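Right after this note come the structures.
Each of the two complexes below includes subunit A, the first together with subunit B, the second together with subunit C.
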Partner chain A sequence: MSGTIAARPQAQAARRLDAVTTGFDRHSGAAFILPAVLVILAFSIFPLLASLYLSLVRIQFLEGGVDFTFVGLNNYAKLLVGIDHEHFLGVFADPSPLTVFIEIVLAVILGLRLRDYLRGRPSVAGAVGRSIVSIALLLAFWLVVETLAPGGRPGTLVVTLVYVFVGVALQYLLGLTLAILAVQQLPGRRFFRVVFLLPMMITPVGVAYLFRMLTDTTKGPLYPIWSAVGLADTSWVTNPWGARIAVMIGDLWQWTPFLFIVLLAALESQPIEPIEAAVVDGASRWQIFRQITFPALLPVTTTIVLIRMIEAFKIVDLPNILTNGGPGTATESLTLHAYTIWRALDFGGSAAVAYLLLFVVTFVGVSYVNLVRNRVAAAA
Partner chain B sequence: MTVRVVTFTGPQIAEPLQRRAPDFAKATGANVQVVTVPFADLYQKILTDFSTKTNSYDAIVFAPQWMGDYVPAGYLEDLSARVQADTALQWNDIAPYFRDFSATYQGKVYTIPLDGDFQMVYYRSDILQKDGVKPPETWDDYIAIAQKYQGKDLNGDGKADYGSCVAMKRSAQSYWMFVSVAGAYLQSQGTGQGAFFNTDNMQPLVAPNEATTAALDTYKSISKLGPPDQLNLDVGDTRGLFTSGRCALSIDWGDIGTLAIDPATSKVQDKVGSLILPGSKRVLDRKTGKLVNCDATICPSATNGVNHAPFSAFGGWSGAINKAAPDNVKNAAYAFLSYMSQPAQSGTDVTLGKTGFNPYRTSHFTNLDLWVKAGMSQAAAKDYLGAIQASLQSPNMILDLRIPQNATYEGTVLDTALAQFLAGEITRDGAAKQIQDQWNSKTDELGRDKQLAAYKATLGVTR
Partner chain C sequence: MATLGFRRRRARTIFTPSPLGMVVSYVVLGAWALAILFPLYWLAITSLKLPIDVNTGPYYVPNLDFKPTLENWRYIFVDLQSDTFRPYLNTVVVATTSTVLALLIGSMAAYGLARLQYQPRVGAIGTFIGCLAFAILAVVLGAPWPVAVVAAVAAFVLLLQTIGRRFRRALGNNDIAFWMISQRMLPPITVVIPIYIVFQQLGLLDTWAALIITYVAANLPIVVWLMRDYFQSVPLELEENAAIDGASRYRIFRSVVLPLSTPGLVATFLFVLVFAWNEYLFALFLTTAKAQTLPLTVAAQNATRGPQWWYMSVLILIMIVPVIAMAIALERYIARGLLVGAVKG
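Then we have the complex of A and B:
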C-alpha cells in the first residue's frame, strides 16, 4: 500500500516530465528556427515593410528632423498614369495593322492555353492564378509591342524586360556553347576554362568602365579598328539601340561565365552510358544533344536561368557607368530609375519604383517556376 | 584632432584640399581628411548624413545653391561672427557677388567661397585670327563658327576635329550649359528679373514659348557640331579635347583658361580666347511668350543690340561647417576653410588648372603677376580675367537657382528632359512641356507661395 502510495507521485512526476518533454519536442522546431526568423524579420521583412510605408509618403527635411506626409498611392499613380508614366512605361506607338495582328495572335495563344488549362478541372486557386497570369502576360506583351513599335519609346520597365529576357537568353546560349566546347577533348581546354571564368571575378563597375573605353570610337583602345572600318565618327552610345546593345554585351561578357561554369559541371557529371548506347545505335551528335544531353541539363538550366533573371532585373552598374542611362533614358533600367529619383531625395517615388520592380520580379519568378516545373518533371 | 571634409571626386576641388592639408596640419596640429564622392551623389550624401545625424562629415565643400535645403533644416553653422573676426581671411577682398550669393543665406554667412564660377565661351584665337573670323557675339554666330570648323584638322595631327565641344552627358553637369544658352533669350531686364521662373506666379520660363524653342534649337544644333559621342561627354572630357587642340569652341567655367597654360597637357598655350557668353538680339516677352527685338527698354544692358546674360552656374565651390560637429572640430574646420581661401593660398590655386578653382577675389583679378607667373602671357591673362569680370559685372547676370529642392528642378527634371530631347526621344515642344509640367508639379508639391518667396529672396542679391 505504502509502495503504491509512494509510486503515485513518482508516476505523476514522470508524466509531468513526459508532458514537458513532449512540449519541448513539439516546439523544438520553432525554437530552433526562431533565431533565423528574427534575423530575417530584422534584416528583410521589417525593411520591406518600412520601404512599403516610404512608398506611400512624401519626405521633407525640416529643422530638427524629417517630415513624413502620407500621400496614399500618389507615388505609384505618378509612375503608372501620372507625370512620370512616359519614363516608367514608355510612349505607345499609334496602332498599326502589324502590332494589332501580333497582339491578336498573342491573345489567341494565351486564350487557348488558358482554355486547355481550365478544361483539366484545376482547383479554384489554380484557375484564378492562371487567369491572372494570362491577363498580366497579355498586358506585358501589349506594353512591349506598343512601345517597341516604330513611333513608340520603351520606358524603364520595358528596357529592363529587354535586358532580362534577351540578355539572359543570349547568355544561356553562349554559356551552353562554351560549356559544350570545353568538355570536348580540344587542346588548351583547361586554359580556356580559366579564361572564360575571369569576367565573373571583375566588379560590375570595372566591367562598365572597361566597356566605356572599348565603345569609345574616338580615342578608346579599339580606335584603330573603328577607324579602319570607317566607324571613328560614329558612337555606339549615342544611338538608343546601340547603347542598349553595348550594355547587353557588357552584361553578356560578365555573366556568361556563371552559366558556363554551372553547365560545364552539369555536362561533366552526366552518365556516359546513355550516350555510348546512342552512339552504338547510330544517333547523330545533334540527336544525342537533343534527346539525351539537353533533357539532362533541364533541371540545372531551370535554376540558373531563374537566378540570372532575378539578378538581371536589378542591373544598374553597367547602364549607370557606361551611359548614365542615356542617350535620353534609352538604357535606364528600373533600378537606375529608382536610384535617379532617390538621388534627388524623392525617397517615396524611389520606393514606389522599387516596389513595382519587386512585384514584377516576383510575378516573373513565380510564373516561370510554375511554367517550367511540370515540363522539367515530365522531361526528367 | 581630425577634420573630415567631404567634396566631390575630383581630381579638381579635392586636389587643393588634399595638397594643402599637410601644411595646415603642420601649422595648427589639426589633420584634415578629405572624403570624396561622385558629383551626382554629393547633394544627397550630405543631406542624408546630416539628417540621419550620422554626422560623418565635419565640413563640406559643396554647391552654395544647395543652401536652400541645408540651411532651413539647421544643418550648417552660422559663420557670420567668425568671418567678422577673421582679419586673415580678408573678407572684403572677396568679390561682392560671391560674398552675397555664394556665402550668405537670409542675411547670415554660412560658407567661405573657394571658387568663382561663371560659364564662358572659349575659342581658338590662333585659328579665328588666321581666318579673319570674329569671335561669336550671338548664339547664331557660335553655330556658324562651329559649322565652319567641324571636320577640319585644328591641331595638325591629320585627323578631323570638331567645331564645338560641349559637355552634354546626362546626370552630370550639362544642364548648366543649356541654361547658359537659354539665358540670353529668357532674361533681359537685369538679374532681379530671374531666368527660371516668372516672379509673379512662379510659372516656369523654360516652358512652351518662343525663347525656350530658340534655346532648345540652338542647343540641339550645338550637339550636332562636336565629337560623335558628345552626348556622353562630361566637362573633364571636353576640357581634355579643347586643350589637346581638337575643338574650335567650347562652353565651360573658368577651368579651360588655366588648363590651357599647363605645358604638360596643353597644345593650345596662348592660343585660347575667352568671352562672355554669346547673346541674342531677340528676347522673351513674358506676357505673350513671343520673342521680340531688343531695344533700349527691352534690353537695357545690351551691347550692340545683343542681350548677354552671363550665367553664374553653380555659384562656385564653397566650404561650410556641420553645426552638429564638436566645437573644437568646428574651430579647426573653420581655420582650414579660411586658410584655403586666404589670398596667399587661393592666389596660387586659382591659377592652376588642376585645382578647379577659378578667380573670385578682387586681388585675383588685379594681380596680373599671379597669372604671368603661372605661365599666361599678359595679353591672355587680361583676356581671360576680362571675360570673367565682364560676366561678374554684368547687370544682367543670371543667378543660379537656389530654392528648396533645386537639385530636383535642375539635376533631375531639366537634366532628364534635355537628355531625352538631344537623344531624339522627345520633341522640342515635348521637352519644353515636360519641363514646365514637372517643375510646376514640384512647385505645387512643395508649396507655390513658399517656393516663390524663396526664389524672389535669392534674386535680391547685390554684386
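Then we have the complex of A and C:
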C-alpha cells in the first residue's frame, strides 16, 4: 500500500515531464542537431571566412591602430611565385636526364590511367574530377621530384607531404605487423596491448622534448651507439634528412599505437570460419593473410589511414620543438611555416599559408574518399 | 557465453603460433615494447637527476652510476607550487569540461543524424554564408560589431523568406554528417587568428571559457563521427518499443540509446579527453598566464639557458600519469569503440 502511494508522485512527475517533452517533440529534430551546428558555424565557418579575408590583406601596425590594406591575391602570389616561393615550394634542381625521365614516366602512367577511365564513359562530374586529380597529382609529383633531386631543396609544402605520406605509410606497416603478431595466442599479450597504447596518451610537446633528449648524441642514452659508429658529438640538426627522420620517428612512436589498436580490434573481430576452411585446404599463412585477412581489413584500413593523414597534415609541435624547423627550414611543416610568419606579425601571409594548407588537405581528403574509400566500400 | 567460449577455443587452435613463430613474435613485440618503455624510463630517471648528472653524459641506473635525488620534484611541487598547480587545475577543468560538453552536444547531433531526417535547403545555407561574409566585411570596414551582427541577422531573415525559398534543392543527413566531419580537416592554424580576435573582443582571452568553447568546437567532429556509427548499431526495435510505450524522443535517447552505447561513449570520451588534455596550439594563442595549460608549462621549461630537462621530466610525468591510468583502465573500451566508427565511417 505504502509503495503505491510513494510511487504516485514520481509517476505523475514522469508523466508531466513526458508531456513537456512531447510538446518539444515536434521540434526535437532541430533541437538535437542545432547546438552542434551553431557551435561549428560560430567557431569553424566564421573564422574560416574571416581568415579568407585576412589572407587577402596586408596588415600594418601603426601608432594607435591597425591598418588593413586590400592586396588581392598578393599574399598567395608571394608564396607561389614571389619572394617566399623558395620557403614554400622549395628550390628546384637543375633539370637532369634522370629527373626528366622520372617525370615523363609518371606523366605517361597518369595519362594512360586517365585515358582508360575516360573510355569507360564516366559521368561529366566524374570525368572533370578525375582530370583535375590527375593534373594535381602530376604537378605534385613534378614538385616532389624537382625539389628532392640533388641540387634542389624541398619547401615546407613538400616536407609536409613527406611527413604525411611516408610517415603514415610507415606507421601503418608497423601497426599492422604488430597487430598481426599481437593477435596470436601468446602468453602475456595483454601486457603488450596496454604498453603499445601508451605513447598516444602523451602530449606531443612532451614527445618532442623526450625525443630531443633521446637523440642528443653526446648526453643522450644512445651515446655508446653513436660513438661506436663515429657519429658522437654530431647533431641531427645539422643534416636535413637526419632532422626530418628524427621528426618522423617521433611521429611514428606516438601514432603507430592508434593504427595498432584499431587494426588489432579488427583482426580479433574477423570471422574464423574462412580461416579454418583455408587451413583445412592447406593454405599457407601468407596465402591466408593475402587472400582472407587483408581484404577483410581494407575498409578499416582506408578509414584509419584517412584519419591519420588528416591529423598528420597538422603536424607542428614535433618539428617546432625537436628541431625548431631547422636546419634552415628543412623540417618546417606548413603549420609551423604559418606560425613563424605569424610571429613575424605578417598575419596576411600567415593566413595565406594556412589557407593553402586547408586547400591541400581538403583536396587530398576528398580525392582519397572518392577514389579509394568509395571503391573499397563498393567492393566490400 | 557458451558460444563465446567455443569461439575462443577455436581461435586458440588457429592463432597459436609455431615455436619458431613464437620466438620471432616475442622478439618483435618485445623490441617495440622496449622502444616504448625505454623513453618513459629515461623520463623517469631524468626527473631524479641533478643538472650535473644530465650534463656530464648518459647515466642509466640510479644508485649505480648516479645518485638519485628528489630535488626536482621538490622544486616543482614546493618552490613553484602555484605555478605548477594552477596550470594543472586549468588543464583538468578545461579538458574535462570541454570533453563532457563535446560529448553531450556531439552525441545529440550524432543521434539526430543517425535516426531523424534533415533537409536543409541549399538556398538557406547560401544566404547564411553570404550574410556572415557581409557582417565580417562590415566589421573590418569599421562598423561596430553589435551593429553588424544585428544587421546581418535581419538581412538573413529577410533574404531567407525571399531568395532562400527559390532554391528547392535540399541536402540530406549524409551531407550534414560529411560537413561536420570535414571540419576535422581544418588545420587549427587556419582559424586560430580570427578566434583570437573574437575572444579579445569579448574580453575572454586567457580564461577557461575561451579554451573550453574552442576545444568543444574542435572536437565535435570526432564525437559526431564515432557516435553516429555507434548509434546506428543500436537495434531499432528497442527504440520502437519505447516509442510505443509513449516515450518521447528525449526519453528514448536518454534512457534507451545512451545506456546501450556506453562502450562507444567511453572510447570517445577518452579519445577526446586526450586531445583536449594535450592540445598546444590553441592554448598557445589564447592564454598568457592565468588560464595556461600544462603543455605550455612544459614548453616553458625551455629557458634561455637551454631546456631544463630535469624539471621538464617531472612535469611531463605528472601530466601523463592521469591519462595513462585512464587508458590502462579503459583499454578494452577504446578498441571496441573506435572500431565501430572506423568500420562504418
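The working rule: the second predicted complex is superposed on the first by the 333 of 380 C-alpha atoms of A that agree within 3 Å, B and C clash if a C-alpha of one lies under 4 Å from a C-alpha of the other, contacts with A are read in each partner's own complex, and residues count from 1 in each chain.
Definition applied: a residue touches a chain if its C-beta (ideal position, glycine included) is under 8 Å from a C-beta of that chain, and two chains touch if they have at least 3 such contacts.
Just so it is clear, the model here is predicted, and its values are computed rather than measured.
In the superposition on chain A, contact is made by A:P199 with subunit C only, not with subunit B.
Comparing subunit C and subunit B on the residues of subunit A they touch gives the larger count to C.
Looking at the shared chain after the overlay, A:I341 reaches subunit B, while subunit C stays out of its contact range. In the superposition on chain A, A:G325 contacts subunit B only, with no contact to subunit C.
With both structures placed on the common chain, the touch criterion links A:N370 to neither subunit B nor subunit C.
Shared-chain residue A:T218: touches subunit B and subunit C both. In the superposition on chain A, A:A354 makes contact with subunit C only, not with subunit B.
Legend: residue contacts after superposition of the two complexes on their common chain; A:H87 is shown touching subunit B, with no touch to subunit C. Touch criterion met: A:I261 reaches subunit C, while subunit B stays clear of it. In the superposition on chain A, A:P240 contacts subunit B only, with no contact to subunit C. In the superposition on chain A, the residues of subunit A contacting both subunit B and subunit C are 218, 342. By the touch criterion stated above, subunit C contacts subunit A in their complex at residues 7, 10-12, 14-17, 21-22, 25-26, 28-29, 32-33, 35-40, 42-43, 46, 54-58, 60, 105-106, 108-109, 111-113, 116-118, 128-129, 132-133, 136-137, 140, 176, 180, 182-195, 197-198, 213-214, 216-218, 220-221, 224, 246-251, 253, 274, 277-278, 280-281, 294-295, 298-299, 302, 307, 309, 312, 316, 319-320, 323-324, 327-328, 331, 334-336, 338-339, 341-343, 345. Looking at the complex, you find that subunit A touches subunit C at residues 18, 21-22, 24-25, 28-29, 32-33, 35-37, 39-51, 53-54, 68, 174, 177-178, 181-186, 191-206, 209-214, 218-224, 253, 261-262, 264-266, 269, 272, 275-276, 279, 299-300, 303-304, 307, 310, 313-314, 316-317, 321, 334-335, 338-339, 342, 347, 350-351, 353-355, 357-358, 361-362, 365.
Residue ranges of subunit A in contact with subunit B, taken from their complex: 58, 60-66, 83, 87, 153, 216-218, 232-235, 237-238, 240, 323-330, 340-346. Contacts from subunit B toward subunit A in the complex involve residues 40-41, 43-44, 47-48, 51, 69, 72-74, 160, 169-172, 227-232, 405, 407-408, 411-412, 416, 419-426, 437-438, 441, 445-446.
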